[in-house]
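Next come the structures, one after another.
You will see two complexes here that share chain A, one where it goes with chain B and one where it goes with chain C.
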Partner chain A sequence: MTDTKAVRATRRFTLNALRSQEGVLLGLLVLIVVVLSLFSERFLTVNNLLNQTRLFTETALLALPMTLIIISGGIDLSVGSMLAWSAVMLGFSWQLLGLPLPLAVLICLLTGLIGGLVNGVLIAYVRVPALIATLATLAIYRGLSFGISQARSVRGFPEEFTFWGQGQIGPFPTQFLILVTLIIAVHILLSQTGFGRWVYAIGNNEVAARFSGIPVERVKLALYGFSGLMAGLAAFIFTSRVTTTRADAATGLELDVIAAVVLGGASIFGGSGSVIGTVLGLLIITLLRNGLLLAGVKGDATFMTIGLVLIVAVLINNVLRKK
Partner chain B sequence: MAVQAKRLPALPNLRIQQEAVVGFAIAVLILIGSLSNAQFLTPGNLSDIAVNAAYISVAAVGMTLVIVSGNIDISVGSILGVCATIAGELARSGQPVVVAFAVAILVGGLLGAVNGLLVAYANIPAIVVTLGMLSILRGGLILVTQGRWIEQLPTEFFFSQRSTLGVPNPIWVMAGVVLLGALFMKYHPIGRAIYAVGNNAEAARLAGINPRSVRMFVFVVNGLLVGLASVLYASKFTAIQSNAGQGFELIVITSAVVGGVSILGGSGTVFGALLGALLLSLIGTVSIFLQVSPFWLQTVQGLLILLTVLIDIVRRRRMQ
Partner chain C sequence: MIASKRLLSSLSLFVATVIALSACAAPPPAAPPPAPAESKPAEGTAAEIPPNWKAGIPKNPPDRKGKKLVIRDVPKLIGIGYFAATTKGMEEAAKELGNIDFKTDAPTEAKIEKQIEFLDNFITQGVDVLLFAANDPVAIAPVLKKALDQGIIVVGYDADAQEDARQFFVNQATFEAIGQALIEDMVAQVGPEADVAIVTSSLTAPNQNRWIEEMKKYSAAKYPKLNFVTTLPSEEDQQLAFKATQDILKTYPNVKGVFGLSSVAFPGAADAVKQAGKCGEIAVVGLSTPNQMRPFVKEGCVKSVVLWNPVDLGYAAIYAARAIADGELKPGATELKAGRLGTLKINGSEILLGPPFIYTKENIDNFDF
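Then we have the complex of A and B:
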């Protein structure tokens, strides 16, 4: 009765915000944190949470370009293989070719970039559907990792190399700061720039995007190249964290990455999604995994729960959007 | 004009299909294999190649239906693992082998139905549903088996190691499934409806086809076929590992796609998927005969997949 227009408008706004995928995710995240902190005292501590960021940085680095790629209506299944191939090249060029470590890191990043650009050329210019192109390169890059390394692992990296994966700046893990910088940069790129609008436009209607003068091919090439570069960066941080390079690293990681992006509300058909959503999706998956482990639940049950959360979150979102 | 007509002999309207491209690749690989080693072209080796491809082809037939309808199923590896484990556990606990196999196939159908319900009636994209199911089933399987292998299976269990009329059982099953699948997709109204829905679901609906029932149908059939594939798989080795079927989804999808099944839905044949599975199996065997380091195998496989897809794209552009 006493509702003024403004109050009603605010209420409607809050309701809409809550109904958005990000709202649902935020609610879910709060619920998970509250429930899990009841089960384990160690869960809601600054130390534990900061430590978790070390474990999820590599997945998060891959999820950023994956968000853009899925919004553009594509997909990249080869990210795990690109990570392994880049890591193997790092170890190979350092130990077997005897190159200085910074140069080896540069080669690692370039390997990822080349892998991504090859995907981009196949998808944008040769017009191979993204799912097939990256399914093929998933096998090719994984095969290159095994072939080049002959399945031998490389160890014995010097102490100072571990800074990027194990060290910290102030209270923060090094890679956490790198990640936060990149999250902000990609968020701005997607939501504030013309390039970001192009990405949405391509995902919504590629033909229309082409007719309105958007350089569709070059945008796609850039997106897949970016994905490769991030795989190279993730490989560098991963190697620094575990101080060994192995050809079977990050097997199946592409599914984790895609799950986080989809959980974050990006439509697999393209045209919608956000960096914030993806970050929330990543947080839910990571905290759920860690919290359940601390609460004494077996790792395999955690795997199950994440699958369930993925389906239920999208289901809830579908129901809410219908209303 | 007449002279010109002579100079340009009228080519028969060669609409080369992707199946022909894959068939040619298979022929080339067999030629390379037989030139490299006299042991290659023996009945024993050729039947080994077919047996290796059998359980993959059976699942690839199901995957063909799913992809033609415009969907995808990446949970097939986990379903295979669950069904194989159930078949093994039942047989070891003293149930008749026939019952164990039947239950495995039915469980496959049931899991397919869960996928189908979520895709067709809850409107969740297939890739999301089956990605979730992949995690749920794999996690559940390892939780229940605790990573233990199933061993000491009764001798009747090893269906895939036996032969009927001199031909290994898996080859009979593969031939039967492919033949039935091909006839069904070509002549049965439901088979035609699957193509229609994959091409344009809205147009199909206006033509009186219920796209939801079609989607449900393909996922259930796919589940049943993965169950059947799990029987062929489980009864092939002496032990069933708890990680059985991990990565299987990529092999099955690759088989279908290499065989010309369009990932966009609406086109592709069961026969093509069979050729795709045979090609993948051949690549493995020929590489061994050529003494290619097994570490390079995946690269070779990936490159060949890319090559067949590229040939297909060039062929389509020429046709247009």
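Then we have the complex of A and C:
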């Protein structure tokens, strides 16, 4: 008797888990991996999968703060531009100002942080809507990148600098380990701490959040600052990977980032979303693109497929939530 | 909800597009750096590599002689006429040679990070040959070196990478050949004794300055009475080129010909001559793309456009790949047999496409870039 009860409870639990956004995404991911591995025997190999982590680390680094920002009801369109600006500052301070490379990397991170804090001040204190504020800084930071670099690229970084973007620790690409650490940290921050609960509360109802004593402005400033800092980190890893800093780097990257976060189940109106969902969303987009290419599908068809998957995932999610 | 999302994405897409467009307003065909003028390597025997060979070599490549080749081409971007033309030439060569599985795929924007991703995926796929036109010579190098490490044949065309990151590069036009073609084209229209002027891009532009240098060198030797009266900048601005040409026509009434040395200087100069009502009286000669010059060529204000033929460029790249696979094209080789193009010269690791292509009223409609 008690046995069947337990079984029933487990079944209900599994069913609920499957119906959750993450469950749907996980199912989708498994389906994609199985189907694509039938088309190319090179897809489901350790080598290929580890290699993919190199290519998506920068997007993933930006997707972490973007998840928090979207949960809080905001958006940051300027991440691609902040990445380019930070990268340009890295190259500029190293080659033209002749600063040592570690200092240049610090400047790169600081540039991102400053860019993010400016967004935060505009949004939290000047009260410009996030969409408009970051749309403006998207153009401004990109403009700064072109202005500072004079549209020239900086090259010739020393061999040891490539460790962060091209090297590996054991079998793992360096940046993959950095990314995993940050994913765990941000996941804990969002799901286990008071700060995480504040982020959800602001996204659900900002006015209520303010009345319940949450320092809304400071939380927002922190979120956008964090986004900028991650853009700086992504810029550093990106520069190390491609060994050149260009003002047109990461153009349009914000769309990839937002797509992953939204596919991961974060509501664009705020209040819901999770780091696990975002990571699954990222994996789906990356593996789909990689798998389709390996299977010999042309690039343009790949983009269409990704768009289709995005819509299907949102639809499934809506249907399941209504039940 | 959907509306706001759409607004958001279309807004950012719009801004991104504007930025992307302003970032790459210059047309794709830019002359590559000149081939290093080193002593010609001696004919290599067997697998010996000449001591001054600086280009890359694939590690332990399998024996591909006469076998089916999987060739993937990753240009700067797809969806533009120029690279559609190189692909056309590649398909033509692949069909002619047979036994080649060929496909072009690349990002739809000229972005190096996306290009790297395409190349990386093709390496994983295990192709035999990668062809590329680099968006950035340095940034593309690591992924190309990885391909070489895995025994893949790597050949560049149109836009080179670092020399050690690829085996051979098909150079569409040397500065020397372009300079000579421009002078010959001008002399054919104005005769060997005439005053001519130059409208260049900016006075510090490296490519343009090399062309001018080669033009003057060649004309001094062959047409000493061709007199260069002035060289004016246009700073990549067609309006400025237009004005500069007007100034030339006013200041030097004896000028019989104007060179337009960039894709905006040439149409700007042609427009000025046309509006002065001097079509046919004053020759306009220069470098640009067929699409930009089509109206002037059709009207007869411009007789010919000097550039290379991207179809031939792609065609030669496939022949080079096949010859490397068959062991015919090795470090130190000085010639490549390239089908209908005949025998192409090789300088170091650069395969020279030969004299530039001249677009005229008769053939210009066969090209769309």
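Just so we're on the same page, the second predicted complex is superposed on the first by the 320 of 323 C-alpha atoms of A that agree within 3 Å, B and C clash if a C-alpha of one lies under 4 Å from a C-alpha of the other, contacts with A are read in each partner's own complex, and residues count from 1 in each chain.
Assume contacts are C-beta pairs under 8 Å (C-beta built on N, C-alpha and C of every residue); 3 or more make two chains touch, one makes a residue touch a chain.
Fair warning: this is a prediction, and the values are worked out from it, not measured in the lab.
Colleague: Of the partners chain B and chain C, which touch A:318 in the superposed model: first, second, both, neither?
Modeller: After superposing on A, A:318 lies in contact with chain B but is clear of chain C.
Colleague: Could you look at A:268 and tell me whether it touches chain B, chain C, both or neither (first, second, both, neither)?
Modeller: Both: A:268 reaches chain B and chain C.
Colleague: Would you sort A:300 into first (chain B), second (chain C), both or neither based on which partner it touches?
Modeller: After superposition on chain A, A:300 lies in contact with both partners, chain B and chain C.
Colleague: Once chain A of both complexes is superposed, is A:195 in touch with chain B (first), chain C (second), both, or neither?
Modeller: neither
Colleague: Check the residue A:144 against both partner chains and state whether it touches chain B (first), chain C (second), both, or neither.
Modeller: first
Colleague: Check the residue A:243 against both partner chains and state whether it touches chain B (first), chain C (second), both, or neither.
Modeller: In the superposition, A:243 touches chain C alone.
Colleague: Residues of chain A that sit at the chain B interface in one complex and at the chain C interface in the other, please.
Modeller: Shared contact residues on chain A (touching chain B in one complex, chain C in the other): 131, 135, 138-139, 142, 146, 151, 247, 252, 255, 258, 268-269, 298, 300.
Colleague: Can you name the residues of chain C that touch chain A in the complex?
Modeller: So the residues of chain C in touch with chain A come to 1, 4-5, 8-9, 11-13, 15-16, 19-20, 23-24, 78, 103, 105-109, 111-113, 116-118, 120-122, 124-126, 136, 138-139, 141-142.
Colleague: Taking the touch rule as given, give the residues of chain A at its contact with chain B in the complex, in rising order.
Modeller: The contact residues of chain A facing chain B are 122, 126-129, 131-133, 135-144, 146-147, 149-151, 247, 252, 255, 258-259, 262, 267-269, 298, 300-308, 310-311, 314-315, 318.
Colleague: Which positions of chain A touch chain C when the two form their complex?
Modeller: 40, 42, 47-48, 51, 55, 75, 77, 80, 131, 135, 138-139, 142, 146, 151, 153, 155-156, 162, 166, 238, 241-244, 246-252, 254-255, 258, 268-269, 290, 293-294, 296, 298-300
Colleague: Show me the residue ranges of chain B that touch chain A in the complex, using the header's touch definition.
Modeller: Touch list, chain B to chain A: 72, 74, 118, 122-125, 127-129, 131-140, 142-143, 247, 250, 253-254, 257, 263-264, 293, 295-303, 305-306, 309-310, 313.
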